[in-house]
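Data block below; observations after.
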């Protein structure tokens, strides 16, 4: 090996070391775990090799509940947050003077701790012995019944879940879309104006196609992000998500690994791989449907 | 410091990996640049002149051959130990440092005995800044300076270590036309004042002719001709060199020597002594034409361009390799522009013959 | 959008009795109090969590910067055999979600007896391929001539990196630093897995603990005070570096 080669590898050594230990090795390991049946972490023994872990996980009612919850969250929040973000950013792009202000406002959810703000949401929506909570009082004002959104019926919990998720992810999308809108060359709009193109036509025929790469990017990363939902749920419902019936796939993985019901890395691995294959499939389908590469590298952190 | 290149060769692997052959960028170049002279490496792009420069300064290692500065063999020395200064086409100033910090940077790398105190460094930097006349710009960053000013800073940075050899890689091509002229003179002055042996790379023949003590014309990695600019212009060794120098360029005709008579197309233009029969290229400099109603070269007149001192006659000739030929005549020797035909007599010393195959110069004597 | 923030701030300055006395919550308070903040910092070791998070964030970010800068430099500036293959391998690793590798990492750290230690918290969080990629792209925009000029002056690779490349790419480096700080400050999953000793809790875990066991009672104003305290550093950081964060995020960050 040449001396210059040696030097380059030296510079890369820390990165390779860290990635090797905490990325590559685990990747291989997780496959092995997921096929080892009856792994006992205390005695480091295995009964056999096979698909048992997968079949256990797939028959676990908690897992099925988690999959159901995750899919509901994905299907509701991704289209809704993207659509709303698009509407809002189109509206905002005509308001030039307050640009700095609304950028700041929309960015706050990005920098604040999800768990912290989740707590605020919980308080706003929770019904306790002392008070019905802000939101319920509002509902009462309009003649509705109080509902406990945190410990109450499933639909209420799901509603607040999606509401909070949208609140968390939408601002980021608005920011991306407003900057995409701002980068559309103004001459196109002027050209359209000269032709007397109606506004909705300008939007659908000029604006949308121009920013479509960004929209695709947001949809794809939105899917990936929503499938990995976990800490938002913890913020609202606490760490015992199974009891609340609000677990997600990622939450299931962690619960299997650790906590009161933990200690089953094999099940956790199997569940994680199932999640990964779902996400991979959906991302591929997304990419096929849109047939466009996503701009930049995003994503799966 | 005399610079000597001996059989210098540089081969690169082909950038297309599938092709196994190597590209020879510099091909067996032997060359000597006398102490204190300004030498220009001149050639079209891709001729290997920049590679030659990189070999001299040590950024590239030669495949074969040696490089000497004076009597020192520097071939195996690292760039920093050769004592060279290099000015880049795009100046390569560090954008985050002020002009002064840029000039100081090379000094701060000195180690051991050569290490300077802070005062000495500043003193040297100021000297260099004074030489290129940028004392009042030292606090500015490159982004706040014009191209010409950046150029001066780059030169000061290259000079601050008092290099044995100063190398300039197309230093003027990023400047606009007027600034280029000015900087050219400035460079000449700095080079004369410091007396540093300088190698200057350019593809602009006019620039090369005006600035150099010595010119090296290169093509495809090989040196075609070396000499004083005027010598090369007056006595090109081959058709390439003849065509590369001069504006407007030399006019080239297909010609024949038969029985001691040189004919261009149907025109017998000159009688030669002791020249065997052969096919030739005939090169005639634009200033080699004399309008003469009885002249041997009969051309079709296309137009006349009067440009102050000179008049350019644009004409056609069936044997001319290009569409038109251009002749420069002094303004007072007017020709009737109404005439459809114009005839020229030719100046013997402005006419060159080149072999049709090898394109090398064929000596001849006119009778 | 802003209402939860307002509510958080408002509740945090209401006194405990006043808050519980309001069946219909007031949208303002006439007698703001800071006793909740005192309560938040004394009833739970919030200061400790802060310190832990600060140590974790600073150490992780510093280590990340060192690793990232060196790797990006090697990829962008040094020619070596296998560079393209290795870089492609790095990029493909970017697709691997954290959830997949966290299981083994948990086991690894446990086996190394690093649970409830800062090393255990920090080590798996150090590398970020995306930042290596971002910085490599930025490094590559520096013209080749600068490197040649520096070589000619006898500048070593390391000195060139420190004196020339890093200063030129400072905006990008600041951006990735801030993004990493945000990521660290808000990280929850890994710290939760790896720490069960509250001496090593980060603020996220702290908040969660407060939520579950509270202050012994449902002291919501104190909870909100804790939440404000936890959120404040990042909000301040954000307001200072707003442009840089925006820039970095729109170049391809995601929350998640």
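As written, the chain order gives the labels A, B and C, with residue 1 at the start of each chain.
Note that contacts are C-beta pairs under 8 Å (C-beta built on N, C-alpha and C of every residue); 3 or more make two chains touch, one makes a residue touch a chain.
Everything numeric here is computed off the predicted structure, so don't read it as measured data.
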Farthest CA centroid from chain A: chain B
Averaging each chain's Cα atoms, the one nearest the global Cα mean turns out to be C
Per the C-alpha means, the centres of chain A and chain C lie apart by a whole-Å value of 18
Between chain A and chain B, the Cα-mean centres are separated in Å by 63
Dist(centroid_CA(chain B), centroid_CA(chain C)) in Å evaluates to 58
Residue positions on chain B within touch of chain C in the complex are 57-59, 78-81, 84-86, 88-92, 94-97, 105-106, 109-111, 157, 161
In their shared complex, chain C is touched by residues of chain A numbered 1-2, 4-5, 7-9, 11-12, 14-15, 18-19, 21-27, 29-30, 33, 41, 103-117, 119-124, 128, 130-131, 134, 137, 167-169, 171-172, 175-176, 179, 221, 224-225, 228, 230-231, 234, 238-239, 250, 253-254, 257-258, 265, 268-269, 272-273, 275-276, 279, 296-301
Seen from chain C, its contact residues with chain A in the complex are 1-2, 4-5, 7-8, 11, 20, 22-25, 66-68, 70-71, 73-75, 78-81, 83, 86, 90-91, 93-108, 123-124, 126-130, 132-133, 157, 182-183, 185-186, 188-189, 192-193, 203-204, 207-208, 211-212, 218, 220, 223-224, 227, 230-231, 234-235, 237-239, 242, 245-246, 249-256
Counting only contacts in the complex, chain C reaches chain B at residues 143, 145-146, 148-155, 159, 163-164, 167-168, 170
